[in-house]
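We call the chains A, B, C, D and E, going by the order they appear; numbering starts again at 1 in every chain.
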Amino acid sequence: MTFFIVTLIKIVIVFAVFMTTLAYLQWIERKVLAHIQSRTGPLRVGPHGLMQPLADVFKLLTKEDVFPPFVNRFFYLLAPFIAVCLALITISIVPFGPEIEVAGVRTYMQIGDVHVGILLVLAITAVSVYGVALAGWSSNNKYSLLGGLRSSAQMISYELPLSLAIVSPLLLANQLSFRAISDSQAGYYLGFIPRWNIFQAPFPQIFAFIIFLIAAFAETNRIPFDLPEAENELVAGFHTEYSSMKFACFFMAEYANIVNITCVATLLFLGAWHPLFPAPYSNWVAPLVFLLAALSCFAQAAQPRRKNDQYTFPLFGVVFLVLTAIFVVAALEIVPVLSTILLSIFWFLAKVGLLIFAFIWVRGTLPRFRYDQLMHFAWTFLFPVSLLNLLITGLLVALFPERI
Amino acid sequence: MSILALVLFIPLAAFFLILFLPRESKASFSVALLAAIATFIVSAGLIGATFKNGAQFSNTIVWNWIDSPSMHIRFHLGVDGINIWLLLLTTLLLPIAVWFADTVIPERRKTFFALLLLFEFGLIGVFSALDLFVFYVFWEVALVPMYLLVGTFGGPRRGPVAVKFFVYTFLGSVLMLASILYLHSQTGTFDYVDTMAALTSGRVTLSSFQQLWLFLGFFAAFAIKVPIIPLHTWLPATYVEAPAPATFLLAAVMSKMGTYGLLRYTVPLFPYGAHECAHWIAVLAIIGIIYGALLALIQPNIKRLIAYSSVSHLGFIVLGIFTFTQLGADGAVYQMIAHGISTGALFLLAGYLEQRRGSMEISDFGGIATPAPAFASVFMIALLASIGLPTLCNFIGEYLVLQGAAIAKFNWAVWAAIGVILSAAYMLWMYQRTFLGKPTSYTAAFPDLTIRDWAPVLPLIACMIWLGCYTQSFMPPITSANARVLDQNRASEQYQVRFAVPPSTGEAAQNGHGVKRGPQRAADSFSCLGARIRALCATEIAEAQTHAR
Amino acid sequence: MDTVLFIIFAIVAIVAGFNVVLQRHPISSALSLVGVMGSLAVLYLLLGAEFMAMAQMIVYGGAVMVLFIFVIMLLNAGAEKPSSKAWFAQIAGLPLLLAFIATLGFLIYSALPGLRAVEFGSWTMGTAEEIGKLLFTQYLLPFEVISVLILIAILGAVVLALKEID
Amino acid sequence: MNLWLILLFPLIGFVLNGLFGKRLGKAAVTFFAIGSVTLSFFYVLYVLSRLWPLNTAYSEHSFTWIQSGFLQVGFDLLVDRLSAVMLLIVTGVGLVIHIYAVGYMAEEDGYYRFFSFFNLFLFFMLILVLSSNLLLLFVGWEGVGLCSYLLVGYYFGENWATNAANKAFIVNRIGDFGFMLGMLLTVVVFKTLDFGKIAAAVGTMPVEPTVGVITAIALLLFVGATGKSAQFPLYVWLPDAMAGPTPVSALIHAATMVTAGVYMVARTSFLYSHAPLAMNVVAIIGLFTAIFAASIGITQNDIKKVFAYSTVSQLGYMFLGLGVGAYSAGIFHVMTHAFFKALLFLGAGSVIHGLSGEQDLRHMGGLRKAMPITCWTLLFACLAISGIPPFAGFFSKDAILSAAYAHAPWMFWIGAITAGMTAFYVFRAWFLAFFGTYRGHHHAHESPLLMTLPLVVLAALSAGGGFINIPGFLSQAYPSLAEHENRTPMIISVIFGVAGVALAWLLYIARPVLADAWQHAAGPLYTLVENKYYVDEIYGALIVKPLEGISSLVLWRGVDEGLIDTAFVSGLARGARGWGGLLRQLQSGRIRNYATWVLAGSLLVIFVLGVVGGGR
Amino acid sequence: MHFSPVPLSWYLTLSAILFVLGVAGFIYRKSVITVFLSIELMLNGVNLTFIAFSYQLHRIDGHIYSLFVMVVAAAEAAVGLAIILTVFKNRGTLQIDEVDTLKL
């Protein structure tokens, strides 16, 4: 029975955090993009525009639910549902940290571990094509149909290098469960190089990581591969005919997918929650980061240019200071369980956050591919390279069966 | 490299060599002839060991050929008293055929010689194979060049005839292949010697039902090849249409493939099937003897006549084999050789006739003996050999076959001996109309045999007389080998189910229920199926469990 | 719990299966088929075949069926029209089907009584590791053959689809 | 003792003449031919003198010919009193006829061919006589048949000659069929072919009252004898065989080869003695043939045909003798017959030679002045064959008839009548040829010395040959059945003979008109007899034509091409195509139909698996 | 946690039902694509049987077989759909009964 209760609690926590993150991810993206483009981004709603996601949600909910004529109602409604549901599943098997014991209950920092977790992710990724394709088809709109076809073709095409890129770290880990993969990346070479797959001997999976990342961009329909929804050129692709909450569902699914794929990348390549360098020192990274953040907040607040934020930045600074304090406690390992939880989550989120930032960064800097370039790139470059990478990895793993 | 390997591969090597020669190259003849003669000379070296012990296989070759876990095929060849003379016959006739072809084949000679050598390769393989699979392969190898020879160089109707020949023969050999594979599934080996040992020692027993069908499978191939009435209709057509050297080889050696197979494979391997069918086969053979002779009696075409006479003579061989007596078997083997020589000679001379006259219709000839006495004399000798005159080769074989038949069942001998009367009639009538009488305007200047024509004829004549007069220089290996075959036949028979009940009725008898009604029976059977699956599951689970432990 | 899961997904599978057959529009059929596959994947998990479940989803759900949907969309296949050319199938089909299902039912229930009960987690050999081991040892040759088959299929598909029409 | 040397000389002669005769020239051919026979003859004399008095058989094993299973056949030669007699006849008469032939064949093209075949014949005949087992005897048997074929067909450019040759060979083959079967049965029963061993085995068996295995063997062998020795119903070849040159007729078809059957029966007498039924058959066949052929002989106009039928008739006599158990009498008659019949033929040949090939008696007449030697030597032969004492024929014929009388008087009476007929037709021919007026066109002349000398020698033998006591010589092997001191049959047969001669004199010398009158009176009967009872025609209509018709129309066109090839083989192909066409309808292109078929098929498979029971 | 067991025959029944549904679809549907889908349905039914028996026998050979089935199905789908595309391009129809020229 405790299993159910604990799982329920974990689900609630993860779901709450995840949904909030999704909502705020858009805010973050807009902010970052704005800064890249030397704008300020949303500022009006709430302090420093912090309430903007909420406002968006309200706006979408209250908008008129338009049903275009001659659509296939069932599939028209089913498509966003599929998209969002599938996008939300993956997070349930992502481990955020090691096994912990709270109040005599031992549990993983993970909703549930699946033996074939990575396969499950792939399966979900594969199936999520349906959302896009169905949306395009059921809209009864030529542009949407073409958009749907385009994006499903793209997703199918990039699924290949994605899967192949995944296979190489799997070869090193020899496991399919996320937890086992994460565990296999614990430890350090020579005491300081982490045993992350991206560094792991005999063949560091840097190439695999890059390929994975590129394919991930395409899988999540992000720039530079966002052909499916290229608003300005291709009339927003498959979701042209969608509005209000149905549209929001697609959006949510997209951000959820970003989070999912970055989580997977972290788990597979970046050593999950394992810190960059060994424990006693790495513990202090988190307080240091938060302290710096607090200090920079205060410094920004002091700048006269930032009139709009003269109250919010200090507030942020205080929040960061509190976080610093908490992590100092965690770093001192006064309460071992808490420090384990906090530190793993910190490291995990830090890596995920960096990757998400990279996603946004790329969006802000790179132009969009043309469709033929996109396919060409997938099949003639990415696929062979990933295959080559896999071959070399396999060869080396076979040559050095004793893991270094 | 044993002698046998040399014998086998010289023709093949020469075949490839000729293939690489330029198109109308003169060298193709020399290469073919040299290779054929060399093969003959080398093959003579096989005799020694065989004479020491004809019952054992000597000069054996055992090479692993296909070595997969499920199929272990060895390239196993050997020589014993049965096939030694057939091998020598083949190697002897091949140079003759090559020489003969040089005389009568005007164009595309390179192809012709090459195919002849390939054919020799196949024949030697067939005669010396001791592995059923290898045997089958060679069987087909021998078929293809002959098909090409007939189809490419034959007479005006060569197309359909060649196809008929091929399809007919192939039909039988496919049945044989099926039998071979089934036999393999029972014994687990393709090797003839091993199979034989398994069957004679009783390690593997075949039920009467299995034996019968296996026997019929093999028999189909051999019966068509021999051919046994009523599967013979390809033979006259093919013999008539084939180019003369091909006819020569077809009649002289290829027909022995079937009879050889009958003796080598069907008799010792499936004694029950053989005994069960022997009566029918003997009757068919006798019908063949008389029928072939009667048809030969009224043929207007020389080649066709000799072809039908071949049907008649081959009937003797088959009859001899299926008497299961030492005399019959010896006679059959002897008759194979004798028939090869005598009919070969007849076809050879018929080929010369055709070359000189451009026709084979008897009515186009007449009175040749006056302008061409030597030709007539030689033809006479070949003809006398063919009709079984004592002191010439066929007599010994025919007599022993008849003697064997008489021992087995006197009626057989009575009927078969009628063929002896008829053979004299058709041959002499043909001779009379072709060679005797007053020469016509066409035949008045009929050219006699030239020196070049004599060359292939002389060895054949010599063989006829030698075989007919001094039998004992050939007989001992044959006798001992046949004794072994017949022993095996008896030995394996003793382990075979003589009178087995068909399985279904046997089961019913065991159950004691008698015959059940359809639906009930079906339901029962389904439950049986279920039980079988259940049992299977149980064993598998047990296996898995032990494996897990 | 097992029973509940089985019943739920079996019902889903059957309903979706009926849907495949009964829906007039190909895309509905296709999606129903995806539904069947999904529920079958769950049933596979119940049977301890976790790898197969995932493979089912990846290969069938993610590749094969997407291809179908893709083609349906590409051809803009509409609802099918009635046709009566294959009269034999129309007439003989139903009795044969009934006979077939009756036979299968009879076989399953009368001839195979000794079957196990399925308990989730009682047998978990169907992992990727086990399958991989078997696949690369005992079934290596079939595996290679099937790889060649796929290669040929790829080539065939490319050749067929690339062919210039007229 | 090297008995094989006897055989070797003729063989060498054959090989030399056969291979090189064309180039050797006539003298050399003659030398080899005569020389080889002479050597052979003298070697026979030498051998016999060495072996004399031949109380036991002398046999010699040269080499094993066939050895297969229990059967061993050696090239074994045997000399006993029987073969000694035959050896002397064969080589002696053979030599005489060889010499005659040198003269007779002098003008012929194929001189070398003739003599090589003649030598070959002697070779085979000697094998026949010397063989100590049945198979070797059969070799000679077939060999002489071959030589007969070759020599009858000597004039191979002529259809009548080749037809006769074929007929001779094929009819002989029919006889050989019986011989062969007899031989096969012998092996089945006795497991051997050696005369000695068979005789020993038979000796332990009881005499068969009804048909038994020995009777079967004996009868089968006798079938062979009827072929070779021209007995009814297989005699038909012999008259036709006169197509060969006359020395051939004399040597092969009168003196030696045709008596091979008699010799064989005498040789295997141990079998016949145990099979009375077979002996009766032999006697009756012989008797019937004797009177039957004699009746034909009366009406023939071709001089050689007359003598040919007389040969058939005399052979019948010999078989009568054998059949009634007087083997020695049979052999005795063989010998005397060899003398006088050879003489008859050689004389006829001399006449023909003198008339440049004329054979028809109606175109002869009054030749006794032109060719006196021929005429008077022939008279000796005629007297001998008519059984007029003290000529040779009288003694042998008397021996046979006495035995027949002892066996069954009706046989004697028929034999006696036959003797009268014999005397009649022989003298008819003699009178027609040498008396009256010449009716021919050719210029008649006496033959050269080379031909007349043999005539004289044979005439002497015909006259005095009867005094050679063959029955006495052979009594050791064939003891006389009964001492028949009864003179009656002898007297009766002599009376019949004299009556025959007198009748011939009456009809052809004294009252020639009477002959025509009687001929007209007989009418259809005469026609029937003159046409040899239409036996050839009956054979042709009953056997040859139907055989050809059945073979050609029924078997070839009907069964082979129609039934098997067209209906069965091509029919199979056509049937396959037809069924294919029918089944093709299944492939309608309707995929759903295919699916339904597959469904039906799988149901079927399940049911079959269920009912039959599948694998494992 | 207690899981109440399910008889394996239920699985087999399910697979039989799916298979028969597939057959029915094959026979009674008229669109080429749907017929294809029905085939896949049959294959799925068979796969379920394989895996069920695999459980029964406690051997994973059945998994391998169904894996092969899947792979073959994928290959078949690729080629089949390519054929459908070609047919559609050539004849402008997806009605299975219209595509009947491939016969003797």
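In the analysis below, contacts are C-beta pairs under 8 Å (C-beta built on N, C-alpha and C of every residue); 3 or more make two chains touch, one makes a residue touch a chain.
Because the structure is predicted, anything quoted here is derived from the model rather than measured.
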- prompt: Where each step is a move between two chains that touch, what is the least number of such steps from chain B to chain D?
  reply: 1
Field: Minimum number of chain-to-chain touching steps separating chain A from chain E
entry: 2
Query: When the contacting C-beta pairs are counted for C-E and for C-D, which pair yields the higher total?
result: C-E
Statement: Averaging C-alpha coordinates per chain, one finds the centres of chain B and chain C separated by a number of Å equal to 55
Field: Inter-centroid spacing, chain D versus chain C (mean Cα positions, whole Å)
entry: 91
- line: For the pair chain A and chain C, the C-alpha centroid-to-centroid distance in angstrom is 33
- request: Quick one: report the Å distance separating chain D from chain E, using the average Cα coordinate of each chain.
  value: 88
Residue numbers of chain D (touch at least two other chains): 588, 590-592, 595-596, 599, 607
Query: Among the residues of chain C, which ones contact at least 2 other chains?
result: 51, 55, 63, 74, 85-86, 89, 93, 97, 100, 107, 112
- line: In chain B, the residues touching two or more other chains are 526, 529, 537
Message: Applying the document's contact rule, which stretches of chain C touch chain D when the two form their complex?
response: 85-86, 88-89, 92-93, 96-97, 99-100, 103, 107
Statement: Listed in rising order, chain D residues that touch chain C in their complex are 588, 590-593, 595-596, 599-600, 602-603, 606-607
Statement: Seen from chain D, its contact residues with chain B in the complex are 63-71, 135, 138-139, 142-143, 146, 149, 153, 156-159, 162-163, 165-166, 169-170, 173-174, 176-177, 180-181, 184-185, 187-188, 547-548, 550-552, 555-556, 559-561, 564-565, 568-569, 607, 609-614, 616
Query: Which residues of chain B touch chain D in their complex?
result: 164, 168, 230, 232-234, 291, 294-295, 297-299, 325-327, 330-331, 367, 369-370, 384, 389-391, 395-396, 399-400, 402-403, 405-407, 410, 413-414, 417-418, 420-421, 424-425, 428-429, 432, 435-438, 470-472, 475-476, 479, 483, 521-522, 525-526, 528-529, 532, 536
Message: Quick check on the complex: what are the chain C residues that touch chain A?
response: 27, 31, 34, 38, 41, 50-51, 53-55, 57-58, 61-63, 66, 69-70, 73-74, 127-128
